Each structure stands twice: as structure tokens, then as C-alpha cells.
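A, B, C, D and E are the chain letters, set down in written order, and residue numbers restart from 1 in every chain.
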């Protein structure tokens, strides 16, 4: 019944979200090959230009075109988000399922380790990693991935325990299914949707974390047009009137993160198995 | 209850220890020689050697770790070479600033979130609910540092109604005599109205920036709680007793929806710590966040390491506390546990 | 199987299909909470003959479900003996246990949660085959459709997901799954209590038809005395983990000996019960 | 303020303008000291307070500055400070200082020769940066053979070898005179170790100001020292804010909350040029912006490659945009504001990408030439500069990767030579070409930070350092310059002026290599 | 609503005869869902006299709960009462404002729901949850309300009511919780009590106790009751009148004795037959209605039961004409919505004679 309410709004919300994401992806893909300016080429004759037709997002202090930088930044953010989320979700899922199925000592050790990782606010963990492994996008990616793992692992473990306790699994067990068959046929498929939901919502968080690292100078290095780093570059200009340097990357992030969050919520509404039981029951 | 408490505290402790190992591991991987950095670029080799020995950099990892933890527990959080001060002193000095903005932000965010969630429960999919949902999406999707910059551009650079990123008070304004360390309170205590007004003005932009992020998390959580509980039969029963829609939301649904929000304390704290670092940096707020970003710039890793450790401790502590608190305030657990 | 393990077995009668002796299950109290251990099943003994329908009745929490979960080895009983067709069920492990499970199937109470809502009903029904039989996909599919037809589901709907079916239909699907391995014994845990009365009758009819057709033995958990009387050959009345009365269904229900059974019976409202219960005249 | 009454009537506007100042001069300085112990201070940030808190034996001479009311230091002349006079022996090895007998510490103890000896010995014993400065980088063996308090008012310092810079060394913060009683009461002197207490506490009240309040990393409040041996400072009270954030610097300069801003960013300075709020003062300094090319990195071993790169940059354009027009382009070992500089010999290379390409082709280096350019982390201006370099070099098929490095790493890679090219924006602590080239060019010097040396010029450098006669010395420096430019050891861009912004209430300002607020008002 | 739907001419006034306490006319309720508009209650009408007990039976999804909520005006979006009147004590609840309705609910009409655990607010103590119904509707002091709440708890046979007053819902067993819910519902001695499956979630033995309790307390207060249940036997035991619902419509209503003896609607007949009784013949298969209940989002012509009805075979009007409401054997109080009500009636009579004979 939950679905019934305001479905139209939700559906159009999801459509809008997908449209928003597609827009950013399109910019990320299309601008670098098509746009005449490059993200790192400087132009000493056109520094700090406000947005104009020639430079729709203006230029920065060394005359780089901000649209080109925005697009390149979008590539970086979207890609890192994808890498971190996929890697983190995979690792987390494996850890969680193993912990959930093994119980006992292995479970304890794995989950303690996850707790230890989770004790840090995600950004702090990423900070430690980038400081340890050296600044840069690679270690930033590792850092944020590490932040995703424990959450997914905990979810996956909880889900594993929940699914294993479901009457459905008891039924399958009573039928004589093997453990591995159980995992493959029932546990994993039932977890996939939640995994997807969590991955989608982690995507936004990851993008923000990478940007925050860039902002702190621990992420992308000069002159990589990472969004967070661009915002840092735009800080001082913004206070002397050059608002355009920092504005667009932030807007881009807002768009991407909000869209993925909306999408993840919508996914949750559609995919959450508990939801689907509920609909049938009250029919 | 006693046993439950013990178990929870013990597991929290275990987590902190694990976290400290993780933090220590990464912070010890860093390139460059901390001894040289501390001794200075032109220091003699001998001086550097002495530094190394003092820092225990030649000891095996475990010993270094144990030494560090031992010192940490005893309140020796290392020496910040960038400011020539023990790290702990710096934290203590910066703490009131951070606490002030954090309290301000959390109070604001919590109030707004409760109102937002109640409105949601009342409007349920209506325009107002949509607005609440949108606001939470915006809060979740904005990078705090960018938002901070944005409000600075609007309210300081363009409209010039609020002060710029200059910390807690206008430069040249003397801080009020220290009682709590919170300027907003101290200036009241001292009756310094202009200082109070000044500190409030300075608090507004960073405070609201920080609050939006916290608000977004809180309202999201409470909202889903409210939407879940308004569908519960007891809400229907309350209505059948003759209570109005709004009354049901406020009296019957909200108490239920607020409870789970308590358990999010750990999450909120983590978010708060993270955002504080970013927001303080943008606004030059002289708190712990600013301290840390400065330290990052200066490669003063004693400070960063201490901060990472402390934030893990705080998060875990808050998580444990909220768990316990949940046990105290949720009758279902409270009664079972005692 | 040796006779000395079953000292009570009368040597002159054919050994029953299922022989449960002194079955006991104690749930240990959870550590963190101060709770007493729960004796869910307490020294339960009964025998089920081949081809009969044996009912376990009693109020909620009396240990019916736990008893059958024990004899299916879905939980490990604390003590007692279970013999099924001459095999000591509690001594089996691994592959032997799985083979045993093929002969001893189960149908759970809740048709909504005992089927994996993500799978097509054909896959659900064929699932036991993947665990126990070496068959090609085609063969499995064929067998599943055959079985679906048998329980009254049109095989053309085989591709649909379980959650698109009504409760009664789902219970049929679950039964098809339980029957596909040609089990000797089917354990039914409240097979109809989640269903509407009209559907309930359909399912009961079908269960009886299947029993006749496939010469099945049923152990069925019920709480509705009228249904028990109608459906079972013999019943055992359980209360707080113990069996308080056993005997042919008609005798036990029409002429209860134990006060608890009488109490149960008194609680049944009825249009056929004594007229003295009619309360008052309309105002 | 105590001086408002003696202010001439004509300056009443200024007095009105600083009416809100209530006597306190607010100074914003870029960067926070990591220590205020003069014996441990290394970087420029550590020296923000030293000259104000501690007396030294001698000080730099003073010249009128570029704007009315301003003065600048003269690195070539020295004036007595605490010492009333001094004598240098014929062989240049023995320095004898005559001290006043009426100067005391707040405790009442006189600041006599033993105090000075204690202070100098302390810096040397501790073996940190102060030791290096004091010995003009000759640390092994140390330049100073011994110090001796002959009597209460006579101090004798004996050197191992003659050194033209020694007076300048004594004008450095490293030669600050501290309070032995205070030191001994707080941990004394431990060889090889910095004293944690003095990292943020005054080590003695000997300078023009006392440290009234110090918040590490944030601010310091200085008040006039009543016991100061010289003229009392012009301002009774100075509030120094250490600013790490360039935008704060700009905002506070603009809205007048800081009367003087030292080290403001060039972009900010440019934006303030037309602002009536304040005056932008680019004081010339010995600092320069350059890129050190590591000769151990295969391609840079070839002089043609190095020369090619020098022709690749549109220096003027870059200075105008990236450098915001502050500074002066040049090519040579010495920055325009260092003694020994020759404008004629230090013409910047011509922007000629064609020639650059030809040279690269000639050298046979594999194209695209790839190298990593290290820059200090977190410095926006240098990041922009590196970006510009990267973009410009791309035109001649040279691919640059920029890497931001932390200070600790920087010291390490410089030490080990594990870098391709590194941006260096800086200058010598002692304004002397000999000192500067010791760490920037000389093969013989152990303190050569980049390890890039021009052996051809080494000999003349050595001679120049010993030459008393000014004209002769200049000739040697010119030769060094010629020999240096001939091999194009580095890329040189432009000199970096010290950017100071003051608001109209400031009437007197002195620019020295380290801030000296004595005459600021 | 049109006349045939309710069997009485449409008027906008309550029927004037002996004023019933509750009178429902032509009630229609719809839910907007993804699958379309689900017409859950279709022209339901009935009257209830003071102290009368009406049993509503029907299979899952036949609109019983929707009917109850529609009467109370508690249908929430996406649901909507599209049409109809609900006269309670002479006032049409459908014309009242929300504020006025709030005064009626809990005072003149109240409800007991199926699941006693979720029906009580889990984080509040039992006592205040009862006392607030009293304070909400009358000016009493807190102490008075408390006293009355404890009296009520005593009334519903809760052991140690003082203690129970301070308890949280989870500390009570299911049966006790349901007693509390009854106390809540009866706190202000309403004129009408709607009990929506009040015992389904309870144990067999507890069920009996609860029904006896309801029986006693409503008799004391002379409260009219609408008992919604799946269990025909329960209705037989407890109610005066039975109303059978199918697909959102009332298909048969009459005195229990009459209807249960010889139902005049095929659906009622099937419903009664499919429940095995304690005297059932074990050998015979249970009579069933094949097929599924109709999709309420489709407005089909003809009788809703037609596809499953044994009487409809070969009769076209079943599939094309919506059956009218007819009086059975000339009895005004016994109605059936079937083209062949009398035929069914006689079949049933014969069967009953056979069984008892």
C-alpha cells in the first residue's frame, strides 16, 4: 500500500533524477572532446573572466576555461564514485556474507574490524589514508572505498542473518538445499537489491567525501580539475566578486548527489523485499 | 542492565582500540621524515637523530603504537611542531569554539527537524512534505564547504548583512571574560551586549551551514519514522478516540519517531565532526576543525592523528551512550533490561 | 536401527513410519538478558503410522512448531529419539540428512514468507530437484509444471513470481514444491490458518486428495479443533510443551478426557453448540 | 595611545582615522610561527616576532623606503644595537663588542657580556637552525671558535676563518639575546633538542617589545618594553595576527580591521590597488621564483635541454597574469635585490618557443619530455604558477606532472635528490650573495639544498665571499653570474616583492627581512 | 445512491421510524491505487438499533474494515468516501467538520481493532492512553480521569488494575492488551462499538474470554455493536443480525437464526458449508466455492459472485444484470442480493432438514 501513495510524484522524481544524472554524464562525456578549451590550458590574456558566451562558466586566475574544468571534474567525480562504490560494495558484501554465515570467531573478528573502520567518520578515515599513502586521487579513492566497506559489510551481515532466519530459507533448508546453494540461490539474490540501494546512496556520499578531501588539499592535486579542489581555488576569488569559479562544481555535486539519493530512495521503495510482501498481503 | 552496560562499554572499548590501530597504521605510513620536519630544515644530522630517538621512530611498530597509546591515555597527545605546543593544549584551547558552533547547529537542526518531521506527518505526501523532503535532499547533497562559501557570497560579499569569514568575533573585539568559553553565553554573563550581538552575528552563517547538514540527516530519519508510525494502528486508534490529525502526529507519532533518531547519535556525531572541519575552515572559525586543516597544511601530523583518534573515540562513545540512552528512554527495552 | 534403542516398540506390530520418543527442546536463555531457559518441547512421544494423518493441536506457544522443527532437524533437539522409516533421524548428518529430507517434506504456515518472492513459481517448485536429483533443466521444468497442474495451478503461470499469487494459490505452490520429490511424510505447520475460510476448505480438500493419490503420511499442526477433527486420524493435544492427550481425533474431540482439551473445546464458538449460549434478545 | 598628543596638528586626519585604533596597531602576518625560540627558529614564519622580542648586538642599516613614512633595511651596512661599538681584528677573526653597562633585564640583572655569551652559546649548543644561521652555515667545524666575556661590558668572539657575513649573522634572530635565568629555570639547554617551553614563551625581555599574550598559531600581543636599551618603540601596543588563510588577509585589509597586512597574496594586493582603503607596498626583497632542475634527472643533465626550457616561457605575460604584475623578471643566480646583482648580465631569456624546440631537437632528448614538478602543498599562488608552467611547456612538447609535496617530504627529496624539478619561491635569510649561493649553487657547500651546482662558478664564489673591496667583489659576482647563466642550471622567473598593505592610519613603517615593528605606527 | 442498492428509497433524512442509533445509507468508498480505483465499499446501507449486535462476515478484502473506517470517517488518502450518509444519533457524520467529528469519535462511537499490540502506543503507559479518551471528551480532572480509567480496567477484568495503569503495552499479554483496548473503546460509554476482528490475533482460549467480556460490558451499557469477523460461528454466538459481505457489497443480511439456518444467498451458503463443524462428516469433501474473489478495481456488470456461483450456470442474467436486493420469505429484516434468492433459500432449507433429520 505504501507504493500507492503519491506514486506519480515518486515516479517523476526518479525520472527527474535520472535526467539530472544523464545531464551531468553527458557534460562529462561530451565537453572534453567537443569543447575547444582544455581543462588545463592556461590563457594569460583571459584570466578571471565572468561567465560569457565564450566561457559559459567563466575562467579562473590563470585563464583556464571553467566549463572544461567542470566537465573534467565531473568525469573524475563520477568515475571515482563508481570505482569506490563498486569496490566497496563488493568487498563489503563478501565480508558481510562470510561473517553472517560463519558466526563465531570469524564473524567476531571480521565485525570487530568493520567496527573499527566504522568508528571513524568516513572523512577522517579517508584523511588518514591519504596522509598515509600520500596525497592524490588514488589514495583518496582507496580512502573513501574503505569508508564504504564497513557499512556494506554490516548491512550484508544483517541481511544474511535476516534472510537466513526467513521462513523461506527454513523451507529451503527443509528441502535439503546445500549451504552454498542456499547462499547462491536465496541469500545473495535477496541482498542484491539492498546492496544496490546502499551502493546508490553511498555514491553521493563518496563523491562528497572525495570533494572534501580535495578541498582539504588531500585529494586531487594541482592542476587536476577535481570539483573539491576547484572550490578551494575559488574560495579567495569568490570573496572578491569572482563567484563563478567555486559555484559550478558545487552545483554539479548537488545535482549528482541529490539525484543519486532520490534514485536510491526510489529504488528502496521499489526493491525492498519487505515492501513487496506488504503490498501482496494487503491486497 | 548492569551486565548489558558492561558488555556494551567493553565492546565500545574494543572498537576504539581497533580504530586506534587503524589510525596509527595509516599515520605511520606517511612519507617524509617527521624528525627532520620537527628539527627544522637546517638542523644538523645529530639533532635529527636525537629527534628520531625521542619520537621513537626507530622502535618496532608495535612498540611505537603502545607508546603512543600509553601517552595518549595519559593526556600526552604529542607535540605540535607547527605551533610549538602540546597537541592537547591546542585542542583544549580550540574546544569551546567548536562546541559553541556545534551546540548551536545541533540545537537549530534538531528543532527544525522535529518541526519538519511533524509537518511531514501532518501533510503526508502533500506540498509541505515535499518541501521537507526537498530540504533534506539539498542538505544531504551539498558539500558543507561549498554551502559555506555560497552563503558567504550572498550574505557577506553581496548583501553585506553578515560578517565574513573572520572567526568568532570582529577583529579587535575583545572576547568576553571566560566562564564557559562560549562567547554567546559569556558575553551575556558579562552583560556585554555588543559583544553578544557580534558573536551571534558571527555564529549565524557557519552555524546555519553546519545545521543544514545535520538537519538533513535528522529530518530524513525522523521523517521516515513518522511516515512509518502514522500508518501504525495506534495512530488510527488515537484518531478513533477523537484526536485530530495534528494531535495524533504530535502526541502519538512523534514520540515514537523520535526514539530511533536517538540511536542515530553516533551517525550525527560523525557527520558533525566531518562537517565541522570543513565549515570551520571556510569561516576561519578558530575551533578544532580549523586547527586540523591548518595542521594538514603544515604537515603537523601529531595534531591530525590526535584528531582522528579523538573523533573515533567520540563517535564510539556517543554510539555507546545513545545505545544506553535508548535503553533508558525506550520503555520496551528499559523494562526488559532492568 | 536396533531394537534396544526402542524398548517400547511392540515387536508384533509393524514399525511406525515415524516414531518420536521423549523429544525435548530447551531454548537456553540469551546471555545479555536475564531470562529463564524455555522448555519448548517436553518429553514428547508419538508414533505416526504410514498413510495416516496425525495432528498436533494446542494453543499458541504450546510447542507444536518447535516439535516438528526438531523432528525435521531444523533445530537440534536437546534430547529424545526420532526414528523415521527405520533411520535414526537425530544421528544423521550431511548428505544422509539431505537424503532424509527428500523423504520428509514440510509445508509452513505462512504462504507469504515461505516462498522466495523473487523466483518464478516454476523455479520454486523445481528447487528441491536441483538439490536432490540430477536432471536437465528441461526435465526439471517439466516435472515442476506437472506438479503445478496437480495442485491446481495452471502451468502457464509458471513464469510468474510467487508474490503475484493469492494466499491459497501460494499454499498450493508450496505444496507442489513439497511433493515434487515424492516424499513419504509431509509435515504441515498450520497449513490453512493464514487463509480465508473458503480457501481453507479448498486446501483441505486438496491435501486429502493428494494424500489419497500419493499415499502420503501427514503430520499436521492445527489449532482449530473442528478442522482437526475433520482432517486428522489421530491427534495429540499439546500444552506447555507436553502432550496431554493422544488418541483418534473423533474420540479426543468428541469426548475429551483431559481438562485442558475440554477447555479448548469450550472456547470454540458455534452455531451448532448448545442453545444455552445465546446471549440475549435484541433491544 | 600615548603618542597622540605629540602628533603634529597636520596629521589630525590620520589621527582621526586611527581613532578607532585605541593605541593598538593591528598587524596581520601571513603564516604562523611554529616556534618563537630564536635558537630553534628555521623558517621565515618563525621569525615574525624575534626581532621585536629580543635585542641583538648589531642591526641592519636603514634607508628611506619607496613611499613617504616608510624605511627599508640596508643589508650592506650595520648599526650598533645592543653593542655600543665593535672592533674587528686585522685578520678578521676576532670581533670585540663593547656593551653598555646600564641595560637590565626586568629582573634587574644587567644584560652584560656573560648574558650575550650565554645566548650565543645556547643557540650553538642546541644545534638547530639557529646554530646554522649564527655560523653562516659553516657548522662543521663551526665558524665561531669561541665566545668570551672578557668583562661585564666586553664580549669577544673568535672565528675559525674570516667571514664577511658575520656581522649580518649577528643581526639575525639566531643571535638574539635571551635571559639566562629564565632559560635555566625552564629546562636549560639540551644539545640537539628544542625547548618546548620556549617554543611559545618569551625567552627573555631584551627587545623593544614584551610578549604580553601569545596564542600559538593565532596571535601575539606585544607591548613596549620599558627596559629596552634603545629608543622606546613608536607604538605602545601591537596586536599581531598570524593569518594562514589568504582570503582573510584580504578581507581584513579591505575592511580596515588590520592596519598593516604583511604577506598578502598578489591577487589580493592587485584587487586592493584601486581601493581607497589602503596602500599597497611591494617592498623589494631578495626573494625569487625559480624552478630547480635536477641534473641527476637524465634529460636535465643536458645543458641544451635546460636552455631550451628557459626559452619556453612568455615571462612578461606570465608575470602579468600569474604574478599579478608584482616583481621583475631576470635570469641569473642572484635576485635583483641581492647585492652583487647585475641587471645587465641578468637579462631574462627571450621567449622563443621555436628556439626551444630546436634546442630540444638538438639535444636528442626523447619527446615528449616528461617530468614531475614538485611544489609545496597548499600554496595557491604556486599551484597557479605550476599550472601555468605545465600549460606553457605543453606547447613545446614537454609534459609536466605537478606534484604537491609536504614540507617534510620536500626536505627529504631535496636531501636525497629524488626529484625531477622543484619550484622554489624564496630567498636567503641573510641578504648576502655568498650566503645565498652557498646553498643555491656551490658544489663545495654541504648545505646546498638542491644539490645543483655550477662548478665553473664555485671558485669565483669563494673568492667573492672573501673579498673586502666592493668593486672587486662585484666583478667576481659578475663572473659568477656569467658562468652561471652560461650553463642555464635553473629556470628563473621573477623576483618576489614582499607584499605589504597598510591602511591610511599608518604613518610609519619599516621593512626589514624579518618584521621589525620598532618604528611602526 | 439509488434505491435498489439499499432496498429503501433514497432520502437525505434519517428514517423516521424508531430512531436507530446508527443508520448507514449508500456508502461508497474508493481507494486510488496503482492498479486503478479500488471500489472497496459499494453502496452499503444498514441500520442499527440501540443495543443491537450486527455481525459482519466476509472473506478477506470484501471491504469489512473499509466499511468500519468509512463509518468513522477515518479513511485516509488515497482512500476516499465518495458517497453515502452515516447518521449517528440523528446527525449525518459525513456533513460534520473534522473538529466536530473528533468530538463524536471516542464519545458516541468507538472501535476495537484486530491487533492489540500495535493498537496501543508502545512508548506510552497504558493508563494515560485510557484516561485521555475521558479527558478529551469531558471536563474532568486528571485524578478523576485516572480513577475512572482504573475503574474501567477493573471492569474489563484486568488483574491488579493499579499496576496495569502504570504498565507499558509490551508488559501485557495479548489478551490483556485487548482488554485494555476494550476499556479504551468503552471509556465514554459510546452508543456504537465497532469491533474489527477483536479476537483473531488471540489464542483460542483467550478468544472465548474476550468475547464473553465484550458481551458483558456492552450488555451493561446497552451499546450497539458491529462485530467484524471471519468466523461465522462467532457471529452465531454473539450477534442478533448477520450481514454477509462480498466484493464490497452486502449480499445478505438477516437475523442470525434465519440466515444461518437457511441462507438465501449462494455465497452465504458456501461460506457456511466450507467451515468444517464439530459434527462434520469426515468422509465427505468440504463444499467450496472455486475461483477467486473479484478485482475490486473493475466494475463488472452482473452479479459479483457470478463466475464462482453454482446457481449461475447457464443463467445469463447473473452475468449481465446486477441483482437487486430482495426480501427473503417476505421478511423485511432479511434481505439477499441474488436473482435466485428464494431458490437458494429452499435449497438451504432442504439441506438443513437433511442434516438435522
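Everything that follows uses one rule, which is that contacts are C-beta pairs under 8 Å (C-beta built on N, C-alpha and C of every residue); 3 or more make two chains touch, one makes a residue touch a chain.
Keep in mind it's a predicted model, so treat the numbers as computed, not measured.
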| item | value |
| --- | --- |
| Selected pair, greater C-beta contact count between A-D and A-B | A-B |
| Taking each chain's C-alpha mean as its centre, the one farthest from chain E | D |
| Separation of mean Cα positions, chain C and chain A [Å, integer] | 48 |
| Whole-Å separation of chain centres (CA-atom averages), chain B against chain E | 54 |
| Intercentroid distance (Cα basis), chain E paired with chain A, Å | 51 |
| Residue list for chain D, restricted to those that touch at least two other chains | 247, 251, 377-378, 406 |
| In chain E, residues with contacts to at least two other chains | 77 |
| Residue numbers of chain A (touch at least two other chains) | 5, 217, 235, 239, 283 |
| In the complex with chain E, residue positions of chain B that touch it | 124-125, 232-234, 236-245, 252, 255-256, 259, 330-332, 335-336 |
| Contact footprint of chain C on chain A as seen in their complex | 166-168, 170-178, 181, 185-186, 189-190, 273, 276-277, 279-281, 283 |
| Touching residues (chain side chain D, partner chain B) in the complex | 20, 24, 26, 32-37, 40, 42-43, 126-129, 131-133, 137, 139-140, 191-194, 196, 199-200, 215-218, 239, 241, 244-245, 247-248, 251-252, 255, 257-258, 377-378, 406-412, 415, 447, 449 |
| Chain A contact footprint on chain C (complex, rising order) | 69, 72, 74, 97-102, 105-106, 108, 110, 112-118, 127-128, 130-132, 163-164, 166, 174, 177-178, 181 |
| In the complex with chain E, residue positions of chain C that touch it | 59-60, 166-167, 196-202, 204-205, 208, 223-227, 229-231, 250, 253-254, 263-264, 266-273, 277-280, 282-283 |
